[in-house]
Each structure stands twice: as C-alpha cells, then as structure tokens.
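Labels run A, B, C and D following the written order; every chain starts at residue 1.
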Amino acid sequence: MKLNRKLRMGMVGGGRGAFIGAVHRMAANLDGQIELVAGCFSSDPKKSRLSGQDFYLDLARVYASYEDMAAAEAALPADQRIDFVSIVTRNNTHFAVAKTFLEAGIHVICDKPLCLTVKEARALKKVVEKTGQVFALTHNYTGYPMVKEARDWITSGKLGKILKIVVEYPQGYAVTAFEEKGDGAISNWRMDPSTSGISNCMGDIGTHAHNLAHYITGLEIEEICAELSTFIPGRPLDDDGNCLIRFEGGAKGILFASQISNGDENNLNIRVYGTKGGLEWHQENPNELTFKCADAPPVVHRRGNSYLGAAAQGATRTPFAHPEGFIEAFANVYAAAATAIADAVAGRKAPKKGYDFPTIDDGIAGMLFIETVVKSSNKGARWTKFPKV
Amino acid sequence: MKLNRKLRMGMVGGGRGAFIGAVHRMAANLDGQIELVAGCFSSDPKKSRLSGQDFYLDLARVYASYEDMAAAEAALPADQRIDFVSIVTRNNTHFAVAKTFLEAGIHVICDKPLCLTVKEARALKKVVEKTGQVFALTHNYTGYPMVKEARDWITSGKLGKILKIVVEYPQGYAVTAFEEKGDGAISNWRMDPSTSGISNCMGDIGTHAHNLAHYITGLEIEEICAELSTFIPGRPLDDDGNCLIRFEGGAKGILFASQISNGDENNLNIRVYGTKGGLEWHQENPNELTFKCADAPPVVHRRGNSYLGAAAQGATRTPFAHPEGFIEAFANVYAAAATAIADAVAGRKAPKKGYDFPTIDDGIAGMLFIETVVKSSNKGARWTKFPKV
Amino acid sequence: MKLNRKLRMGMVGGGRGAFIGAVHRMAANLDGQIELVAGCFSSDPKKSRLSGQDFYLDLARVYASYEDMAAAEAALPADQRIDFVSIVTRNNTHFAVAKTFLEAGIHVICDKPLCLTVKEARALKKVVEKTGQVFALTHNYTGYPMVKEARDWITSGKLGKILKIVVEYPQGYAVTAFEEKGDGAISNWRMDPSTSGISNCMGDIGTHAHNLAHYITGLEIEEICAELSTFIPGRPLDDDGNCLIRFEGGAKGILFASQISNGDENNLNIRVYGTKGGLEWHQENPNELTFKCADAPPVVHRRGNSYLGAAAQGATRTPFAHPEGFIEAFANVYAAAATAIADAVAGRKAPKKGYDFPTIDDGIAGMLFIETVVKSSNKGARWTKFPKV
Amino acid sequence: MKLNRKLRMGMVGGGRGAFIGAVHRMAANLDGQIELVAGCFSSDPKKSRLSGQDFYLDLARVYASYEDMAAAEAALPADQRIDFVSIVTRNNTHFAVAKTFLEAGIHVICDKPLCLTVKEARALKKVVEKTGQVFALTHNYTGYPMVKEARDWITSGKLGKILKIVVEYPQGYAVTAFEEKGDGAISNWRMDPSTSGISNCMGDIGTHAHNLAHYITGLEIEEICAELSTFIPGRPLDDDGNCLIRFEGGAKGILFASQISNGDENNLNIRVYGTKGGLEWHQENPNELTFKCADAPPVVHRRGNSYLGAAAQGATRTPFAHPEGFIEAFANVYAAAATAIADAVAGRKAPKKGYDFPTIDDGIAGMLFIETVVKSSNKGARWTKFPKV
C-alpha cells in the first residue's frame, strides 16, 4: 500500500553520462510514486553538483560524499529526509555505501552485482538483518511481466518436473577492441578486478542469467563445471564463459554468457523444459512467452492479456501490444521495493506472501555463482559445489 | 533547451481507470523534466478529487471544472501556475477545453484525434495562431526512434522516389461483442457519434495510420477511395475500413484499419517502397526497421545503435537491445513539446528546423482524413479529393 | 489409387533455361510415380532436341511441334503413349495446346493462368467436358499442407463467420529496371499483351492471391474496386494493383499484388478474420499457420504434426520441422492430379469427395478475376461485378 | 559431369513405413538424374517384394538379402547393373552392407551415423581406399544452400578469426514416453545399444551438430567435456547431452543435443562468432543466414539471390522465396555424390577441388565424436582429447 505522499529517494552515483543511474531514475520516475530529492552523484563534488542541477535538486541536498549524505539525511526531520537511497556506483563500493545507509536507518535499492565477494555479501546480509531496513537488488530482468508469468507456470506445475534449463546471455560489444586496439586495452572499469571483482563477464551478465533461471524455476544450482575465457589477450578478466550446470532435484543445464559474441546485442534468453512442456523467453522480445509441448502446437502468450496470471497482469502498465520494455521492467523492481518501503515507513507488516523484488539473498547467490564459476574454471572445468546461500 | 526547474503540468481528464490519461502521466514523468501539479480529472468533482489524491496533488489545485481550472491557474503567480495542460478527455470536448486553456495563456498537449470536425479543427488553429501558445497533438507512434529513422531515410533519398505505401492498423478487440452480445451493443463511447465523431475505427486508429504514413514519407494524400464497414449490425459507427490511396506525386497506396480483425492486437505496420529500396516497420516490434531492396539482402536496423541517424539516436534512452516501447515513444512527444514550451516560457526563439512533435496541422489533417474517408465511403467508394490542410 | 506402373508424362515447353518447366519436372519426379517419356520442349526443334537429351529421352519421342506430338503419341499403343501432358508454355498458347491434347485423348496438367481470355477459358471448359479428360491447373500454392489446414479450419467453422480477408502478393523484382534502364523496356514476355494477356502483375501473381483466398475460404468475389498501376512508364501492362473486394456473404477484403515492391521477394500472404478467430499464413514461411482470437494466445500450428487435419497430414512427406517448400507443394498438385489420371486410366470412378487439385473452373475464375480487375481499373476504380464462373 | 543416361540406383533397407528410406528416394528422384532399379528393402523377403512393387521395380531385381543383391548386381552386364547402392538400414548393419557392395565394385551412399564403432569406421575406410569406389555419407544438413554460404564466409575470412561456436540440436519427441509410459520403455531401436551403438541422442543427432560445425567452420574439435543424461530412467542410452568444446586454434564452444527438450521439433541451430563478425543459421528456417557484427545492422541473406556465393547458388533449384527444404538439401548430397559416381563410371578424373559431399572421413569423425563424448561423460565430465581422424 501507498503513503499519502511520494516516497523520497536519494541517489549515490549516477551522475552525468552514467548509463545505469539514468535507468534507475527513469524507473523511479515512471509511476509518479517516487521523487528524487537528494544525492551524491559523483566522487567528484563538482560533477555531483552539476548533476544535482540537472535533476533540479535543492543543492543543499547534493552532497560531496556518501558518508556526508547519509549523516545529513539521517539528521533531517522525518518529513524531509529520504526514505531510501539508490546505489548505482561501481561494484567495489556497493558494500560500504549500502552498509552506511542501512546503519543510518535508510532503506536501500542497490544495483547488481551485490558487491565484490561472498564474504562482503554475507556481512551485508547481517547488516540488513540487524537494521531491519528494506534492501532491494535490481536484478531487473525479473521485472518483466512475461518472466513473472514463466515463474507462475512452473510454480503451478504447467511444465511438470523440470528436466533441462538453457540460459544464455551473449553480447558482442567487447569484441571490437580486439581488432581495433590489439593491445587488449581495458576498455572500462568492468575489466579491472579492483572495481569489478574476480570476474567481468560472469559478474556483469552471467549473474543475470543465473538469477533469471533461479527466479523462473525456483531451482538453485548444485554444481557447476565452467570454462571462462579471455579472448582478448591483455585483459585481466574473462570476456566469455560457458558452464554445464547440475540443478537441485536433477535438472541439467547450460549457462553461458559472452561479451565477444560478435553482433549480438543484449541477447538474454531462457528455455526451460519439463516433463509436461517447455517455455522460451527472449529478452529482446520481452512481451512474448512461448509454451510448447510435444504433440501440441506452440502457444505464444503475449503481455497485457487477460489470460495471463495475476503477477504478469499486475506488472503491466499498458494494454496488449503497446510494447513495454526494459525501463518498465526496471520500474517493476522499483515499484515492488517502494511498496515494501512504504509499508516499513508506515509501520505496516509485510504481506504473508512477501514482496516480489530481488533481495540480499539474491545478491549472496550472485556472489556464490561468481566464485563457484571462477573456482571451477581455475581447476580446468571441474564440477564444483555451489554452496548454500 | 531546459529551464532551471521542472515544467509544471496540469491535466484535464484521465482520472481513475482511464487508460490514456495514465499513459500521458507516465510519458510526462519518465524523464524527470515535468511535474503534475494541478488537474480536473473528471467531470465528476468527487472522482476528480480522489484522482488528485492518487497523484499526491495539493487539493487546492484539483478543480471541479476545466473552466475553473483555466481561470484559477491563469490567475496564479508565474512561478506557480501550470506551464501547460494535457487534455486527455473524449474527442468531443477537446476543442472547448483546448480553446479555453490556450486563451488563458496556457500551452496545450492534446490527445488525438484533435476534435470532432474539420470546422472545429480549423477554428482551433486560429486560436493557436492568435494566442501564440504551443500546441502539441499526441500522435505518439511518431515518437518511436525507428519511425524517425524511417523518415530520415526517405528525406535523404535512401528509398528513391516513393512508389507505394501500405499502412495498416488491424485490431481485433471489438469483434468479441459480436458473438457475445449479438445485439450490437455499443461497447464504449467510441461507438457514440456524439462523443466520438463521424467515424469510430477510422477516427480512433485510421488517423494513426494516416499520420504515420505522412510523417514517414512526407507525402499527403491526394484522393481516397474508401469503404467503411460495420460488421456488428447495431453499431452506429464503422468498426472496419479499407482505402485505396493516391498520394501527392504519384505514389499509390493502401490504408486499412480494423477493430474486428480477430486476434490482432495493436498491429500497426507500414511498408514503403521506392525506386531504390523499401522499408518495413511493425509497431509491435518497434525497435527494428528493415531496409530491403532488390538484389541485396535485407538489413535489419536496430534501435540504440551508432549507425542510426541523429533523430533516432536522440529519441532513445537505453542502449541497443534494452527494449523501448510505447511509453518511451509517447514520452518522446512529451519531451519535444516540453522543449518548445520551455523555449516559450524562457522567451527563446524556436530553432530554425522547428520541433519534432505533431502540431495543430496534423490535427487538421486527421480531421480531413476522417471526413474524406467517410465521404468516399458514403458515395459507395468513389475517389474523393483530400482537401489541403 | 495407383496403377501397377508409373504414369507416363509428356511436356510441352520447359526447355533449357525455363524456370517453371523445371519446377514441373521436379514436382513430377519427386514421388517416383511419374516418368517423363516425351516432349516438345521448345518451338525451336533444335532446342527441343537438346532438352530431350538433357532428360535422357528417346529422341523419337522428342517432337518438333506440339501438334506432331499429340498426333504421334495418340497413335502409339496404349502401353507406350503418354498418359498426360504438362503444358508449361506462355499463356497465349495454353488454349490451343490444351485443346489439341484433350481432343487427342490425353489428360492435361496446365500451368496457370489458364489462357488469355474468359472466352478462351469457357471454350476450353467445353472441350474438357466433351472429352472427359482430366484437366488440372497448377495453382501450386494450394498444394501447401498448411493451406489445406487453413481451408479445413474454415470448413469446420473454427473461424466462425468470415468477416474480412486480406491477401497480398508483393514482389519487387520488376522495380530494378526502372532505375537501370529508365526507358521502361519490357523485361520479359509477361509485359507483352500478345503473350501475357490484358494484365501482367494481376495475371501472373494476382491470380494466385485470388485463387488462394478462394481455396481457403470457399468464398468467391462478388465485386471488385481496383486500381492497376504501371510505375515504369514505358510498360504496356500493369506492374502493380490494389483492390477492394466484396465477397459473397458479406465479407470484405483487400487484395493486392505488385512487382515493384522493392525488396520483397515472393511475399504471398493471407489473413482471414472471422467471428470466432483469425488465421494467418505466409508463403515464405509455409510450414506454419497461426490461429488467433481475441482473449486467447496465438497458436502456431506446424506442418507434420499429428494435431493437424487429414488434408494437411496427407500432403506432407517429412516429419515436423524437416522443412518442406515450394517444390513439395507443387508436387502435391501433381500427386492429386496423378491420382485422378490413374483412376481415369484404370477406368475407376472418381471418389465422391472428388480430388484436391485446381480445375478448369479455377482457371475460368482466374480469367474472370483478371477481366474484372482490368474493367474496374479502366473505369477509374469502380465497383465491378465478378461474373459467375 | 553427367552420363548420357540416368544413374542406376539400388537400395538396401527403406521398405514400407521407413522414414529415411523414403527421403533418400525422394532426394534421388528430384532431379531426374537417378533411377531406382533394384533393392533389398527389408530383411523380410516378403516385405522387400511388396516394397519393390511399390516402386514399380522388376521383381527379378528385388532381393531377399543384401549379399544376394550385391552378387547378382555385380554379375549383370555393365549397361544394366546398378551404379551405386543407397544404404538406409539401422546403424549396426552399415559396415557389413557397405563393405559388401564396395568389394563388389558398387559405389555407396550410406545413411549416417557411419557405423557402430571407430574401429569399424577405420576398417571401412580401408575398404573404400582399397576398392577406390565412391563413398558418400548423408550428413544432409550440409546440403542446405545457406550452410554452404556460411562455410564460404568463413573460408573467405568474412568472420575473421573464429572465437566461439554454439551449436545445438534440441528435439522433444522422446519426452512424452516419460509421462505416458512411466516405465522408460525403449520406444525404438535407437535406444538399443546393439542396433544403435553406445549413444542414442549423441549418435543420432549430436553427430549432425558436430558435422555441421565442422563443415561450416573447417575446425575440428580438440577436447570435449561432456555430460550425457538419461532422463527417462529405464532407458539404456542417453536422451540428452551437453558439451563444452575446445576447438583447434583456440575457439571455444558449446554443443548440445537433446530428445527431451519438450516442444522442440528439429531445432538444429548454429552460431559462429569471429573477430570480424558472427553468423546464425536455423535449420527450421533454412533459407536465411544472418551476418551480424558490432556497430552494423544485421544482414539477412536469403537463398536464391545473386548476391550469394557460387556454392549456395549452385545448390539451389528455385528462385528466391520459393522455399526449399529438407528434401532439397538431401538431394544436394545425392547430386554431388552422383556427379562423383558419374565421373567414376565414365573414367573421368575428379576435379581438383573435389566434390562437396560428406565422405568416409566425416563418418570416422562422427564415430570419434560419439566415443569421445561418451568417454568424457563416463569420467564425470572430464576434458577428453578428440583423436585425429
């Protein structure tokens, strides 16, 4: 349920030129339920100020450091201070920023991956538990209505027992440096272990594939046999990875992610096969979800129709065939988190069935995924246990 | 260029439950450049108030009538009053509401179709010219980046001389009443000539098809040979229409629109064929635009790529293959209109090349289209001249 | 039912370099039920002989004229002479060749369009009736399994009452001459009225669209309002045409065909909308047929599956997803005609439900279509009655 | 080059009801270059006779055993005896039948997989070499024109250095037994190691995926890390398998095949990514081949166009967008083999560039693939060397 006012949002990171910060703001803006009122948009105070001007903020609430921001906002009267902060900085700062705001009594929506290590992730979970603040992680692809529909199909048994999962996330943008530069120059901070962690490709997009498979099927990985590759020689981190997967309960699978799949754009896809049927969903065509089974024609379910389940219908804003996209899916994560935050602000209990947004546990699972994949690959593609979250 | 504050928006219509009003608000919200501060959301004052609460408005600025609203807002100090109003009521009220706000010195963004008749449309143009206010019409499909790319291809001569245009807009939602009710009950106000005008299907969606063809090709219709049909007997207005078209300069074409094309959702498509090549765009898959020509393989251009022209790139918010949809396209109309309004508010001149949003002339053309189609159909599908805008 | 030997086929036309003759031969070869044993492959006796060598024929049965061939073959003993002749010459000779063979007691499979005029067509029907020979016309697109499935859907009422039909056949190959030659040079015999008849585009491919719509829906046209165009100035015949259609029983429709739709290849498509559902089939993707209706997800039926009807299953040669194409569809016309011919040869009665191949009546309907379209267009797109077959 | 007569074909296997035998006959029939004149269509002499009648054969040349057939045909005069035999029996008999005919001086076209073991395969190669007969293996998917185009792109360097290959072959037909029968009953001989060999799924369709990747890229596998699964408990052989692949030269890849991918039909697909571009081909849509690369729009190449290379154009029978399918691709293998056989019969030398059909070496590679996959899987998915062919 809502409050009788918009939620007040702060932001850390996301200054001029940043891609994901802009997406977070559009996602927050879309439904008119959230207003941005404060921020520390850059570690460079001048850039932070200019960004604050871009967003028409009171410059008194544009801060030079996130520590200042957390302290100052926490000190404001309850009817002024931010309800939550969006963290859209690089991976290596997520832990410290999130911890600071949580401990200041401010709810957090944090970009993924959660942080740099499993250790950090588990430590952050303790902070979340101790402070009791809402913590949402923007694994945004789970925000698509047809992804929610897919999950409901599996929950309801429409596919029968799950036998096989194929999830893939090929991109090609990072192949060009290979030809153009030749020297393996690190094109961005994602290739720098100190900001990005122990994996580039698997950390950046492999975690989305893992999270998507888990969200839809409810199954967690049991063991991984992985091979990471760095096709551009000078790169310190992987730009491609292929995994054989054993899931809980006996399903087998394939997961691969790549940034050198030349000509692919953002080609996240999933196929799930069960004893009673299969499903197929393509992120680049997100408004469709196909059900197929042997001896019956494929059925193409389309967003916005009354034949869909409650979750898909609840996550939709426009009628059928008025296409919704990436921002709308992202906004669904924000909307679900906003509901939880509003409940917390109003002192209401969470509903029994909980909220539908990725949590700190999804963040821990993402870190476990990265570490397990890297461990398996380092051993030359040996089956490696995926620890319990 | 922007102001150093958000633009202040009012809204007439669009209370609880209204589809298009919600879309206008999301389009206005998306970029964080506009805030809704006032409105008259329903002709029922109580419903208007409740809607105002939904949007967290100061209830002093939630009005019982649009006349009150125009007067009261115009009387507010310049740093408080709305910069523009969004009109999202039924067709039959657009004229009076728009006239009222324009004459009160308030810019207007108006839902389509413009009004009920050509006569109203031409009268409204005079008001626009006299008051000098910005007037934008939300023919939203022109807001899609790949539609802008298509227009640029034709402007630049990439297709050569245009020979043929096929534009279609089949929907199927209005067929069900046929079977379920049998009595031709009017399912909604669109079937009522007093609120909708002399055409239902051609007015509601045929105008979109016409506007899209005109926007992309720059060609206006010269003559129409049309047959409108009412497949559900008791309906007072058409639910389907097919047209042969002769365009200026010799191109021929087909335009059809339908609400009884069973199973089609919102299937607006356009194909343009010229001496040097052809193009194809499908609204349900809006992030792609195909160029094709004899003796060369089809080339599928995709939104968000650096190989696209400035207009398409300027109308995009996310990288390639992070799908954008209907709301984003709608928001592009708002963004362009907002730029014009900000310029007007700041006393800046319009840029030489103008702004990229549909204007009062597009609205007149839409009314001419409706009247010409109906006239041709009433004569049993005779070629009927399309008057000059 | 079959004979205890292959059927013996002759061919008129289709010598070296001819496209459609080769298709007929492959269609005849495919199932191993027919052998080519005689022919007059060209009006040039030398070319005819060389072609006969290509096909490994006994040169005693490669003839210098079709008249010679008919006479000589008819004079052969029953266990040697051809059972039927395939006529794959230009349109202007179909009548005389067919008449000659029919009157010689030889069955005929003839390429479409049937002939040059309605008058010829009706005269040929009399010959067919008088001689009692089998006459099949290769409107090959009706040979596709999923086209048969579509027909069965409508026959069985799956679509309810038919409201609207959209059938289109855009090609683009004839646009290139426009740019390259400028002089409107006639690229081939199809643009020559003396060989092709009164229409090029509508005769060549418009008749396919008409035949397909008729085959699938069982509806014949009642009135046509047509505009033919010649976009390349010097051409004596149309290269494009658009029609509004009124079908028997109240359905409305659009039919268009074009050879200047730049970049389109062989893009024959049909959509049929009824009160209970709609269907969509695309010739370039012939193994799929979609059923769609309001409030239910589209269902994509695929060739080769056991959920299809008997006609579709009976017209298929390979399991699902082992794609079948143009030649296989063509071969289905041959197979059905071969069954009729075998029955005739064996003196068996035709089955009650008849055979599933296009007949002389389809040929007459095609001629009526061409003449009605041309008549309507010549009057400036006036509604013109489609005479009874 | 051709002979001045049709080639004479015999067949072993492929009697009434057999799927692949019928495909071989249609492939042989299609171009009118080959005639079936003898056969041993079943190990049951009566069934063999009935099948011979179906094909209108001289029953003197319908044999009770393949040994009889080889002996009798070899004893016929040169102008009567078969030029080659098609072997379309189960895997376990291929070796003996092929050896028998080769040693009788009769050329062989053999269905895949080649035989049961690497040992058999190598032994058969020796027979081929010793006898000097033509031996072709029907890895039919390499017969598609767009597959040949893909190979040419890579040969010509259009994709740059190959980095990654993803090839997959999911089918779903074998999942149904799971639910329906529950007992894991072996549905057909493919699940019986004595007729099928040590792998079902990987032998039947995994070998196609392997062969396709090799044909297109020219790269052979260096190491495999595989996991085979049997999802239906009682089955003695695998019904699914996933492999990580290391190719010669450093490319990495994924290969998977499945018969329990519920709802998939015959979904063989390949994606190849190189430093300069990527390609994508889908067997179920075989007339298209997409080239894509970063920073340029995807280009969809379509069969039958003059912009394609000589191999693709030479393997096509109909103009663009007159779809060709599975049988035509199969017929391309026959046509290439027939050319080689005709050359051999005529005593002509093979052309320098050789012929374009799969050979005994492809058969050995297939056996190596099966054995390596099984070996790796048996070790729990360890990297296993792929021996040299």
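One rule holds for everything that comes next: a contact is a pair of C-beta atoms (placed from the backbone, for glycine too) under 8 Å apart; a residue touches a chain by one contact, two chains touch by 3 or more.
In this text, all values refer to a predicted model and were calculated from it rather than measured experimentally.
Colleague: By mean C-alpha position, what chain is farthest away from chain A?
Modeller: That would be chain C.
Colleague: Go through C-D and A-C and name the pair with more C-beta contacts between its chains.
Modeller: C-D
Colleague: I'd like the Å distance between the centres of chain A and chain D, where a centre is the mean of that chain's Cα atoms.
Modeller: Chain centroid spacing, chain A to chain D, equals 44 Å.
Colleague: Between chain C and chain D, what's the gap in Å when you average each chain's C-alpha atoms?
Modeller: Roughly 35 Å separates the two chain centres.
Colleague: Quick check: how many Å separate the C-alpha centres of chain A and chain C?
Modeller: Using C-alpha averages as centres, the distance is 56 Å.
Colleague: Where in chain B do residues touch two or more of the other chains?
Modeller: 295-296, 298, 302 - these are the residues of chain B that touch more than one other chain.
Colleague: Report the residues of chain A in contact with chain B in the complex, numbered from low to high.
Modeller: My answer: residues 4-6, 19, 22-23, 25-26, 29-32, 36, 53, 55-56, 265-267, 283-287, 302, 304, 317-328.
Colleague: Spell out the part of chain C that touches chain A in their complex, as residue ranges.
Modeller: 295-302, 305-307
Colleague: What part of chain C is in contact with chain B in the complex they form?
Modeller: The touching residues are 159-160, 163-164, 166, 168, 170, 172-173, 175-176, 178-179, 225, 227, 229, 231, 240, 242, 244, 252-254, 256, 258, 260-264, 271, 273-278, 291-296, 298, 380-381, 383.
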